[in-house]
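Next come two complexes, and both contain subunit A; in the first it sits with subunit B, in the second with subunit C.
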Partner chain A sequence: MKPKKIRHALTAATCGLLGVNSSDSLGEEGDWSFDSAVLYYSEVDRVTAVEPVISATRDFGEERALNLKFVFDTLSGASANGATPSDQPQTFTRPSGKGAYTAAAEETPLDDTFRDNRFALSSQWEQPINRDYKTAFGINFSTEYDYSSLSANANLSRDFNKRNTTLNTGLSLAYDTVNPEGNIPIGLSSMIIDNGQANYRSEFNATREDSEENKDILDLIFGLTQVIDRKTIMQVSYSFSDVSGYLTDPFKIVSVVGDDGRPLEYRYEQRPDARQKQSLYWQVKRQFETDILDLSYRYFWDDWGITSHTIDLRYRWILDGRHYLEPHIRYYDQSEADFYRRFLIQGESLPDHVSADYRLGNMQALTVGMRYGMALRNEQELSLRLEYYLQSNDNTESVIPGILNDVELYPDVEAIIVQLGFKF
Partner chain B sequence: MYVCRFAAKYKDDESMSVKLFLVTVVVVLSLAGCANLGVEPWQRSVLAKPEMQLISDPLSAGLDDHIYFSKEASSGGRGFAGGGCGCN
Partner chain C sequence: MNHRPVKLIAADSYWVGSFEAMASPCELFMEVDEEAQARQLLNIAAQEAWRIESKFSRYLNDNPVHQINNSGGHPVEVDEEVAQLLDFAQLCWQLSEGLFDITSGVLRRIWRFDGGSQLPSQQQVEQIMPFVGWQKLTWARPFLTLVEGMEIDFGGIGKEYAVDRTLQLLQQHTDRALLINYGGDICTGGMRLSKQPWSVGIENPSHPDTPKGVLEISRGALATSGDTRRYLMHNGKRYGHLLNPKTGWPIDDASRSATVAAATCTEAGLLASLALLQGSEAETFLQNQDVQYWLTP
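Take a look at the complex of A and B:
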């Protein structure tokens, strides 16, 4: 099918979803523009995600525009459950309570239960108030098997100094619901393993409480964008995020080990029910001759004790008028949450909050990659992105008992990211 | 101003107040200093290019934010910190 026909078909489909008649309301052909991509993300031995996305934008003139975006994720694979490896095979109860999964001796315990599809729809409307003030409003909805999210946002921006300086402020409110199969585990309760005991089901049910939990998210952002010269633009912004409600991961556990390092039991993790996140972000973009440098830095901190630094550098190397290569490097460094523990040792008092989720630990991550872009006729563009992502965690436990010295407590996570994009 | 309201709300947290104060100072000073920067409207040919927009590829940026939100403890910065997934 030719691109023009695809555009006609998508315009009709978009109008159908909006409940409007394309021939009446869309005006001239070409008013809609589309941007599409398919992302493939795959971790070695763990999660694989395939994520097609399409975005449609209609320019209504006078800086008014409507954007609609559809995302569909399919996720499969396995995810670290938080337990430590052991010199013996380990058995874990599935989150539903129906059946078990095992980890071989000396292997990082991975929960292979999860398989999910996620569908997300977002819409954004841009509307200027006058020459200097602009607004934007958006609504987002996403749903997956055991999780749903609804959010709304509003942005206001004001131009100064011949539009060389822009101040903007944004507000987003979100409401998320999680309802896992097998209900929500009681934080810090001990995982019941089915060893054939007659009352297994009632013992398992005693570790469960509500069937669903929620969280509320308030995000605020304040930004300043400044044109420096004909070829340079810069932005600084401050963001604040207040999250409250159920912030625990219902699928994660923590091993309680004996003096020999072998697991005695597994406790469901428990995180605080509130979190305030803040970040400062700086970005500069500059054109040199024809090439473009894009550099950004983010400093992030929260009241869980996590701080992080993120540096991101892209360089668009224009090969000729129609082709470019864009090398990309990103470095990320985070400190652990106050309640992060790789394991608990028998005899120590149970903390109020604990998680062994490696994503809350001391971590460094590196992304390196390359993007190739090719301009086609009629402002169409084809692009291919290939990246490698590596995460490494550091030990912060002061005592590592027994056999845990002989197993890999902090395995690296490696992933590849492939993205094919088409703008038309 | 939201900044002031939040500074007032969290006045007990000294470090947060100091950080917010510094942010406010930087923004105000930047704004004052910025009056001397910039270009005339007819000098925007480079800046107007799609590839010179701060987020030149919103789709890739959204996909990246989703990956890093799922795999790291930080989020937000160039946009809302967000949520919207169970994220294994």
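Take a look at the complex of A and C:
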């Protein structure tokens, strides 16, 4: 026998023998442990993101632990601006007002100025109060070129029934600021296109008001975790989220089309200034001989009229002590927001709120993937995740005028996700 | 069996209870205020230690271990606690790649480590080896089937398990600081009011006859494996009492004792035992586990 590291396996087995929650004693006091990953996300012809993450945890003993997480995203590519395709090329003003971008005939208009770096740092401190009560507090900060977010969270959990039952409640408050180059467009105003007119700049400026907008987010979560038997654990939770402030996407527009389906103008989208979201979540994890099944379901609804169902299934298939394969399948089904419209037709009265953002439409998404993990010496782990994502939207417009019948109004979104992880 | 004496004395800021179990002196340090509570905790601890001793001792004839060891090759249905210990023993056997084996006790029929000089013959070893090896038994929860003539022995796990179980039981009754010391296998629970570590007198395993040393411990557990008094000398070579279940012969170059600190006594004890089973690799093994340890060569 090589003198390899078996301590964690032994710790886990000891916890099983003594019937205790393994988090009680797994802690390695005084040691930092690291979890790092690089995520590569690429939508076909659209956004590409590269996201290195590094997470460090230090156990201070007696169940006190500090976790720091650092994320750096690079986003580039193009994203749909909401306008409909047409049988002729279309020109759009860049969000900054400086210059324009065009979409070829029949093509989904994509805003190609989408390029950003995001930097996020989060910290979390866990501290037990006594044997039954535990607390956790966190502060998170993220910043990118035109967006920043600051949030704080607190969590309280209580164990019952020899730690077989845990009740958990959490509160999070966040404050986000958006300050796009070229300022915030006035909702529902018409996009000014630079056709060489002398007063373009002042016309453009008339569609802008504030340079900055904010939103406040309050999240509450109530959860129950129950150990069913030595191999099964179940979790249910309810979350409530109240968001108020500027919830519109300043880069998205809606086409106003004529009876022939050709665009006459583009209006900046406008969303309500408040949203209440709720969700119910259920998850079960079961260990078989060695393999682990993880199944979850989420039901989500909000006062924008969106409801969604998410089913997620993973199965960790242990090949031998050192390798595993984990197939993953996720299905998502969403109904559209009340104010979602693919386009507006000239002559209809302008609604108070409208958005053509496909993420608010009727849609289904399927993710299928596989993770392969390999244990290295001394409890290090290397993993590779490969996933394919396919999203399709459904039409809910009752009338589709003219040429819009001949273009792809609801293109599928496809993406490839590759993640390389290293735990040490 | 369950009515052996217990003794309770008051120290500076805690109570010290003591009794005998599992062939070891057992001590319980309790930072509680009331004598009545200390006595209650002591009784709970002693009853649990004696319960585990009588259930898992291979020297008694009315317990599951006796039933298993005299099953004549027939399946024996075991209760949940025995099943959990068997699961654990199986995992330790796997993790140690066969070196930790609860079926190796029959080797003691031919190896007597009484300080004498008698070595068994290779023929004797070969005659007994068919009865050694976890891979020869069938463990299909809740049924255990041994090859006729095989025996199991929880001696390598039982005392540490008793220490951890007892701490769990006592913590259902008190949040105060506790220290349990069963013959050098130690675990602690709760934080002392003074935030000071416990000081425990321990025997120096390499010099059992010298005065006790003092060890300070504030949290977690400690366990020691190895027994410097059990060996035999043959032609000037010292054979330690640790036997390799794969060969039937003592482990070469085994350290005399290993003490390991870990979160639970069971874990510490197993790490100490597995370390000694590594022979000359004991130190490397312990270094790789990232634990505090003390090794006596």
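List of remarks:
The rule is simple: the second predicted complex is superposed on the first by the 394 of 424 C-alpha atoms of A that agree within 3 Å, B and C clash if a C-alpha of one lies under 4 Å from a C-alpha of the other, contacts with A are read in each partner's own complex, and residues count from 1 in each chain.
What we mean here is this: a contact is a pair of C-beta atoms (placed from the backbone, for glycine too) under 8 Å apart; a residue touches a chain by one contact, two chains touch by 3 or more.
Keep in mind the model is a prediction, meaning the values are calculated, not measured.
When the shared chain is aligned, no partner comes close enough to touch A:M374: not subunit B, not subunit C.
In the superposed model, A:I311 makes contact with neither subunit B nor subunit C. Contacts of A:S149 after superposition: subunit B is touched, whereas subunit C is not reached. In the superposed three-chain model, the partner touching more residues of subunit A is B, compared with the other of subunit B and subunit C. By the touch criterion defined above, A:N130 reaches subunit C but does not reach subunit B.
Of the two partner chains, subunit C is the only one touched by A:E62; subunit B is not. With both structures placed on the common chain, the touch criterion links A:L173 to neither subunit B nor subunit C.
Of the two partner chains placed around the shared chain by superposition, neither subunit B nor subunit C is touched by A:A104.
Across the interface of their complex, subunit C is touched by residues 1, 3-7, 9-11, 13-20, 24-28, 31, 61-62, 130-131, 378 of subunit A. If you check the complex, the residues on subunit A that touch subunit B are 35-37, 39, 41, 47, 51, 53, 55, 69, 71, 75, 79, 114, 116, 118, 120, 140, 142, 144, 146-147, 149, 151, 153, 160-165, 167, 169-170, 172, 174, 176, 178, 215, 217, 219-222, 224-231, 233, 235-241, 243, 251, 277-281, 283, 285, 287, 292, 294, 296, 298, 300, 302, 304, 306, 308, 310, 316, 332, 334, 337, 359-360, 363, 365, 385, 389, 391, 413, 417, 419, 421.
The residues of subunit B lying in touch with subunit A in their complex are 2-3, 6, 16, 19, 23, 26-27, 30-31, 34-35, 37-41, 43-47, 51-52, 54, 56-60, 62-63, 66-68, 71-86, 88.
Across the interface of their complex, subunit A is touched by residues 84-85, 87-88, 91-92, 95-99, 161, 164-165, 168, 171, 175, 191, 219, 262-264, 266-267, 270-271, 274, 278, 281, 284-285, 287-291 of subunit C.
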